[in-house]
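Chain lettering (A, B and C) follows the sequence in which the chains are written, and residue indices restart at 1 in each chain.
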Amino acid sequence: MWSIYLNVVLQGVLTGLVYGLMALGLSVIFGVVRVVNFAHGEFAVIAMYAAFILFKAFGLDPLIAAAPIALAFFAVGFVLQMALINSFVSRPEHEQFILLVGLAIVITNALLMIFGPDAQPTNLPYAFDSYLVGPLIIDKVRVYAATAAVVVSAALFAFFRHTRTGAAIRACADNLVGAAVVGLNVKRLYALTFGLGLACVGAAGASMVTIADATPSLGPAYTLLAFTIVIIGGLGSMSGALVGGVLIGVSEALAGFIIAPSMKSMFSFALLIAVLVLRPQGLMGKKRT
Amino acid sequence: MTPLLSVVDISKRFRGLVAVDKVSFTLAEGEIFAVIGPNGAGKTTLFNMIAGMLAPDEGTITFRGRQIDGMPADAVCRLGIGRTFQIVRPFPALSVEDNVTVGALLHRSDVGAARSYARDVLARLDLFDKRDVAASALTLPDRKRLEVARALATDPKLLLLDEVMAGLVPTETDRMVEILRGLNRDMGVTILLIEHVMRAVMALAGQVLVLHHGAAIAQAPPQNVVRDPKVIESYLGAEAAF
Amino acid sequence: MRALWGAMTPRGKVLLAVLVVALLAAPLAVNRYLLSVLTLTLYFVYVGQAWNLMMGYAGQLSLGHALYVGLGGYVAAALWVHFGIGPWLGVFPAVAVAAAFGAAIGWLGFRFGIEGVYFALLTIAFAEFTRIGFDHIAFTGGAGGLFLPYEEKRLGEWWNLRGGQDFFYYLAFALASGGVVIAALLSRARLGFQWLAIREDEIAARALGIDVFRAKMKAVLISSGMTAIGGVFYAFYNNSLFPAQVFDIGRSIELILAPIVGGLGTIFGPVIGALILTPLGEILIAATERLGIDAPGVKAVFYGLLLMIIISLVPNGVWPWIVRRFALVKHKP
């Protein structure tokens, strides 16, 4: 019996890592640029469709397509921040919300118009293969996707820890005025950060398409998921995003298994409410000043 | 006569840094009392504890016979203490009149009555002509006046003024001194003020308390305080003695 | 009310009178389809106004307001379907339930200092949680939906809110007018001033003796209660309720479009916003159909773009601009 639970948990962990990568993008954007990116999930869905198209047209494996997609998303994020979002950084939060909600609506419905409402599966040749490790049956797709997520996350961690630009970005997050005073080009750094955040989303979305079917309506759900993970894991903590992602992945898997698949998100929302009330800095975050 | 305000051995620490160190003083009704000292001396922290924005770590604050330390800011205001902020906080989108009406509504439930009282207060503060201007469009001196008017509209028995003279040119300072004296004399408002502008302190205050590194180093009428060697050394400099 | 009337210029008064007369006479002049569009518009005026009280005046961003629409609708509808309790009575428990949820959200948010984004997310979490929850409540039909029986012979039973398009149109008009009146009264009352103070600067508001927690709670209670009444209307007008639809975050966003486009914190903002958005949306759909483009989602793309444009260029909404441009009010509204 426990082997079933173990399988469920493991599945949750692997899926959760991909969620975590998506949330990592939001943690970086929200934590540094302090913009409420309410179109976050919608961007992930664009990435899903991009990977789906590349697979259909060129037979390109989504996990490989993740690289160019991430790059493209980096460029998009950079430009978007510079051209549009930068002017909203100092504006009241509700105005940021509305701008990005508008963008989210445009994206979701444009996708709807182009691809239609039905789910588009990506039929990978190895979609049904699995690794057998003792009592565990692990889907290969999930392992690959999770690995991709971990690799991208590690790259991002390394960037922030070991490069000057990464340190500069972290400085902006900690103390904006101080950063400007020491001569950091905040606008450019913001654009870089937004680009990096969207690159994560791009990679996550491309990976996600191996385990979920591309559907326009996933956008809002993923946005909420990303915010839930970021808040539970802790704003400003990159490892928190991954930990939160795994936590949500596992709890959703377990809730879906034990209670009912349709109720699995309820648990996540209840957890979000609890964290907002009791420990808003999340599991690993710093208190927001 | 029981004092209006009684502060006894008030202390506040911020993570190891002592901001206010066992400060005590009393205020009689009708007094004008000034608190001076270098930046970082703990003056605003002291104010914030009296006004209810911070709770003291030690000591008590008694106002009109009631212990108010630890009470929230709105409760303290309802009891009769009004305050201004060092960095003014107008309601930017509201008109000058509406700003003050908010204050007047504390003890008046009818909006019409509150408005007309607000107008009276604005007249006292030389702001009647600008009553329809949006607060965000005001100059700094006018914002300071608005800050005072708004607090005054709550019918305070004690008015806490945090550096209201900062940024004013001497003529504006003199006018503000005149207004405050008028408030004290005609409306019986007791005033506790934090000030750096010594001109105003000398003109207004009956008693001056000097803070340095959170502790009280002198308390005396202004002309004596400026001659106190400890005060000269820590804050005023030798020229102020003249 | 006299103060509001007095604050308008003659031009403004005339325009308002013309608008009211036009709306009252609409059923005589327009066809059934247009009347249904107008009914929908007036519904959005009402719920937008209710949301505007909480956001535009008290400054608390709720992105889960569909929760109250759904709760109001489901409570009144279930009471009618299962117990035959008419909606004019059922509206009271409907409002009570919605206000209770609002109170819970408000208490959690305000007591624990949850603000801005976090508060908005709290409201979304509650709405989503309830949406999924209702999928599993058999009493209200679960995911399959709750259906209100519609019988021709019962048309005219106004006490059961059974009526034709005209009936619902006038009902929507009454709601919308009521909403405007309530907003006008509150905005000029003591509570309205307290809300504005809190919205502008909560700390300064506290320093002026305002009990911020109580004022915010009143905002949530009034807003959620009012919205619930809109939910009752919605349920009996559409005759069916599905959790996935009525509690959906898309609905929450839909009902905030009008007040934002029109102007937050103004009395006529939600009116103008709805009058612009709803008919425009329908025109767009009709135009694309006429052109032979089958594009579900065109209307939404348009709304999305409009939102982005409005918030970038006229963040305070269209109404303040109109007021200034056409000199409709003597002082600032």
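FYI, a contact is a pair of C-beta atoms (placed from the backbone, for glycine too) under 8 Å apart; a residue touches a chain by one contact, two chains touch by 3 or more.
Keep in mind that this is a model prediction, so the values were computed, not measured.
Trainee: Using only alpha carbons, which chain's centroid is the nearest to the whole structure's centroid?
Mentor: C
Trainee: Among the chains, which has its CA centre at the largest distance from subunit C's?
Mentor: In terms of C-alpha centroids, the chain at the greatest distance from subunit C is B.
Trainee: Based only on mean CA positions, could you tell me how far subunit A sits from subunit C in angstrom?
Mentor: Chain centroid spacing, subunit A to subunit C, equals 32 Å.
Trainee: Indicate the whole-number Å distance between the mean C-alpha point of subunit A and the mean C-alpha point of subunit B.
Mentor: 50
Trainee: Counting only Cα atoms for the centres, state how far subunit B is from subunit C in Å.
Mentor: 44
Trainee: Note which residues of subunit B are touching subunit C in the complex, please.
Mentor: 51, 53, 72-74, 77-78, 82-83, 85, 89-95, 98, 101-103, 105-106, 109, 111, 114, 132, 134, 150-151, 154
Trainee: What part of subunit C is in contact with subunit A in the complex they form?
Mentor: Touch list, subunit C to subunit A: 55, 61, 63, 108, 112, 114, 116-118, 120-122, 124-126, 128-129, 132-133, 135-136, 143, 249-250, 253, 260, 295-298, 300-301, 303-308, 311-312, 315.
Trainee: Which subunit C residues qualify as touching subunit B in the complex?
Mentor: It is residues 188-190, 193-194, 196-197, 200-201, 203-212, 265, 331-332 of subunit C that touch subunit B.
Trainee: Under the definition above, what is the set of subunit A residues touching subunit C in their complex?
Mentor: 36, 84, 87, 91, 93-95, 97-99, 101-110, 112-113, 117, 220, 224, 227-228, 231, 260, 262-263, 265-266, 269-270, 272-273, 276-278, 280
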